[in-house]
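Lettered A, B, C and D in written order, each chain numbered from 1.
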Amino acid sequence: MIRFNCDYNEGAHPRILERLVETNFEQTAGYGEDPHCDRAKELILKDCGNPNADVYFLVGGTQTNLTVIASALRPHQGALSAESGHINVHESGAIEASGHKVLSLPSADGKLTAAQVEAAWRAHFEDETQIHMVQPKMVYISHPTEIGTLYTKDELTALSEVCRKRNLYLFMDGARMGYGLTAPGNDLTLEDIARLTDVFYIGGTKVGALFGEALVIVNDQLKVDFPYMIKQRGGLLAKGRLLGIQFETLFEDGLYYELGAHANKAATIIREACEQKGYKMFCASPTNQQFPILPNEMLKAFQDKYSYATWAKVDDDHTAVRFCTSWCTKLEDAEQLAKDILAF
Amino acid sequence: MIRFNCDYNEGAHPRILERLVETNFEQTAGYGEDPHCDRAKELILKDCGNPNADVYFLVGGTQTNLTVIASALRPHQGALSAESGHINVHESGAIEASGHKVLSLPSADGKLTAAQVEAAWRAHFEDETQIHMVQPKMVYISHPTEIGTLYTKDELTALSEVCRKRNLYLFMDGARMGYGLTAPGNDLTLEDIARLTDVFYIGGTKVGALFGEALVIVNDQLKVDFPYMIKQRGGLLAKGRLLGIQFETLFEDGLYYELGAHANKAATIIREACEQKGYKMFCASPTNQQFPILPNEMLKAFQDKYSYATWAKVDDDHTAVRFCTSWCTKLEDAEQLAKDILAF
Amino acid sequence: MIRFNCDYNEGAHPRILERLVETNFEQTAGYGEDPHCDRAKELILKDCGNPNADVYFLVGGTQTNLTVIASALRPHQGALSAESGHINVHESGAIEASGHKVLSLPSADGKLTAAQVEAAWRAHFEDETQIHMVQPKMVYISHPTEIGTLYTKDELTALSEVCRKRNLYLFMDGARMGYGLTAPGNDLTLEDIARLTDVFYIGGTKVGALFGEALVIVNDQLKVDFPYMIKQRGGLLAKGRLLGIQFETLFEDGLYYELGAHANKAATIIREACEQKGYKMFCASPTNQQFPILPNEMLKAFQDKYSYATWAKVDDDHTAVRFCTSWCTKLEDAEQLAKDILAF
Amino acid sequence: MIRFNCDYNEGAHPRILERLVETNFEQTAGYGEDPHCDRAKELILKDCGNPNADVYFLVGGTQTNLTVIASALRPHQGALSAESGHINVHESGAIEASGHKVLSLPSADGKLTAAQVEAAWRAHFEDETQIHMVQPKMVYISHPTEIGTLYTKDELTALSEVCRKRNLYLFMDGARMGYGLTAPGNDLTLEDIARLTDVFYIGGTKVGALFGEALVIVNDQLKVDFPYMIKQRGGLLAKGRLLGIQFETLFEDGLYYELGAHANKAATIIREACEQKGYKMFCASPTNQQFPILPNEMLKAFQDKYSYATWAKVDDDHTAVRFCTSWCTKLEDAEQLAKDILAF
């Protein structure tokens, strides 16, 4: 069986493991106060073009989302999110458990628009009974989104403008950032993102690390006392250097981007085969997740050879599925799948 | 500089790293649903002598404490803890952030007694105004405690009895369990602990793993829907197998206990030197943490050679300090320190 | 100006004030442990036909909702609610502040159907990734709903059945219960409601009292330690008798139902005038809230004479508004409004 | 039986009931946006000598405490309180339920000193591991305290200075404020309190009202969005005017102070009888609560005639009890008790 079901089936890029072995007996301070974390922060800030941002390393995405949101908001404030946003659907109520409502907005492509945000702001602040409702204070977006779509620089600029005008924090979840930054057609850089958002993170778990997310806090207001929050939410890794070593390896010579590009290349092979056969895509993703709408019979034929996620029933004979490539996908596996699709 | 300041200065036991390298390209399911986690659970349950307990692997201690307590208690209930308990002092309010009061009780040696628990229960349930106060529902203890002391089997049995009589959950934090189980004079086994408590964990972070705590849930009531809680609190590791592989390695042939015994041996070397010179101990720890009361002049002389934690000022000329050994301490380093103490 | 903007513009029915004056110097125990509360509970339980339910008196609706939900649910559980439900829109995130997600479902008429609840249950429990999502555990409904509509006995029976089958709590918010129970066409009694739900409340604030909601807990599981919850959430009135006296007065000889019927009568006068003129209703409410769609010109003409709430813009020339009658509305005021509508 | 067990045994001062009756059919806006609330605010601000403070009316003390603290603090921050403080003992964990630790400090007389606060601040901010601990950000005090003692102007000034120096909010719980302001020897005025604290409240429930606390927010930082918090915590009374009318009555011509002085006078009668007989007081309270240490035999003799609260067992033959007078205590009842004490 060849697994295309998700992007965290394997361990880490071998260079990361090598570095863990090499550094294993170094004695360092705990909790991220070590030279590896320091160097990883520097490397990341260099790519962000902002030496004044704060960088923290956390273990996972849900942990990062809940820690950022619980830290940023007062109790009566909520975060606007696409209905399909990870915080709205797949975090078991982590945000609500920290006391905050996720204010969901409809979205066909997993993205929010500046116009939606402006309308949501008005709907609240122009209503006389506003104190009876949750106050929108943050906009949560993902890049890529849950369905692999990307913001353009224009779209993100417009979102950023409305957020600054309306005094809303713009928070970008970048669990799959590496696949977004290197996707065909993407026009956003880390520098743009650091300029346009207030806080964002660069996902390691799904892009070559054993685990880990690098959180970048740009807005000074959001920096205050943040380390307390990491500890309080159970996210402060005793041997913080493990995170430093991984991000150091990913960012010292562009490995992070290489891995992203590799997965996108494998995904393109699969997408092109589908398109060649005339299969429609459930959504237009240029990144490592591909959502073709396939005949149920083909899926039946594939079921022992490939693993994938079932996404949505489209009609009686067709199902949208997700094929997920990763930093670790072998190109020959993608080619095999493409061949089988074409041959069906 | 030789570091005795804490027990998480280095990476992991080399066999753990070897296993991570060996298994790196295996494709497995995520979130702890993989064969390594399965095998690690089996090994642990065998040592616990209880095939029916549930085992979950979490990344860190604070995360484990807050997840267990938030899951076990209703909103009006709190956890009794020694004043010096980790949840009461060093978790940045993690328990309160989940809505629960830590009901602290005085303790000179870091332990709670059955009599204290009974008295606390009575103070609540025999008071007419009980509904105006937080209801005690859990007893939180550590083994070893924050200051390295241990419960005897008699003490733990008495605690267990009062908890069962009074319908209180008994929760044991075992962040340093390996050092406790192998300490000279310890008469508790994992089997005893699994029999006498409702829930406990076996710490990996401080005993040879890169990170990780193995939570064992014995009481059926506490098992219900626990995986949701791990996810909600941000503790569900995507590549859960990383935890499985580590605990598999620690428990397949007794490595965990070897590492514990090693650290205790190193600690004994240090303690004996102190005792030989007539220095008193701040508390009587048979485990990897030693708290001698030393002359300030000696500490001054040592400050560039050894790192340690300052614990308490005892008088104008003496300070209690903590020397911490670990699975990774070289015996010759402990012997060097002993020699320097004796020679001072 | 004649106020039809809401149903809490005045104080209380005069008999309530008389009773407060008469009893003012009685010395009683606090916190609801007084003879007036005892008697009010008895009277209510008699109407509910269930001597074994627990009754508690709270001051307001949001307080009651948040206290019930925070008490009933474990941290990973949420409450299903119509999108327009009070807890989803107009409680400033009170439910989320207690840690729980409101799982909103679409509803054109403010009601939930048994089929929706069953589908929501399946969507969760038949999904393999269920532990990543909030678990539905309660169904929150209002009777009357936010837009004045009512459940039929058949509908409530179906909801009750699915809740029992799926182990969900059924919670009915009865902030306007008096107007529902006495509405033309209503076929539900307090006895039915006590039989079909797990917990519900009978609103006083909007139906003749100065303030107060009578919470009836039918399900034994929900009774455990509930008084702690009231205290913890700030809802335990020191002079609890004030609530007892009010509900005693409302329930000792049917005053509660009289007041409900009176308001509905006034509302009918207004509705009939609208219908006679051919104005459509935004929703079909048989209770004290009426939502006619009126020409903007009429509204302009009325604006200094009547107060009302603007509900929704329907088209460029028409707006849905809410006229709210109450226990205190003078029939001649309703008739005046009807006359003006007819004359326009 | 004559009740001295608490200060909320009866309804309200008759002038308050009269005003409720007179105003009953006025139609006003809800939620505290009515002319009575406006006037009551003005009257209170005049007494506070600060026209710029914000005033809100809440129903009860626990509700007020939890709303203020939840609004003021970020998640990692806690409130310093005397061990005996109401928020630490008698609010069923309301503060923790909002996510915050109560940082308790020992106190023999129910008060905190400036030196204690400074020491607590240093203990946190001078500790390298501060981010592992709850950050003190507020100082919670009561005036009078739980045991009837009072702060002097010097003591409050010193507390205020350390709070401003260390950037801590000073919050005064004034549930029994009326009894404090009018006590013999008290040298604090509302004007002083408004100058020296950041936020405080003036209790109505225990001082002549049916219910209600007037919260005064002096510090601009604490004013932001406070109404949302009242709503979210279930404290926004629909018919807010009921609170306005009560405080209007209490503050328009000094009734509040009269009622306070009356209770203190009654308490003095009781205290003087005890002192004349040589009975010691458990604590030196000049306010409406008196805590004499009395022979158990006397208490046995009194048990059918007087109600009181048992406070503490002092020795085998003596018990400290609490006699509580109030705005409603008849002087002849206090004199009768005094006579019986003297005659025993």
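Miscellaneous remarks
Please note the rule applied: contacts are C-beta pairs under 8 Å (C-beta built on N, C-alpha and C of every residue); 3 or more make two chains touch, one makes a residue touch a chain.
None of the values given here were measured: they were computed from a predicted structure.
Of the two interfaces, A-C and B-C, the higher number of touching C-beta pairs belongs to A-C.
With centres computed as the average of Cα coordinates, no chain lies farther from subunit A than D.
Between subunit A and subunit B, the centres computed from C-alpha atoms are 34 Å apart. Chain centres here are Cα means. That of subunit B falls 50 Å from that of subunit C. With centres set at the average Cα position, the gap from subunit A to subunit C is 42 Å. Among all residues of subunit B, those that touch two or more other chains are 70, 75-76, 91-93, 97-99, 131-132, 228, 231-232, 236. Looking at the complex, you find that subunit D touches subunit B at residues 75-76, 78, 89-93, 96-97, 99-102, 129, 131-134.
Touching subunit B in their complex are the following residues of subunit A: 3, 6, 8-12, 14, 17, 20-21, 23-30, 59-64, 66-67, 70, 91-94, 97-98, 205-206, 210-211, 228, 231-239, 242, 328. Residues 70-71, 74-76, 98-99, 131-132, 135, 225, 227-229, 231-232, 236 of subunit D are the ones that touch subunit A when the two sit in their complex.
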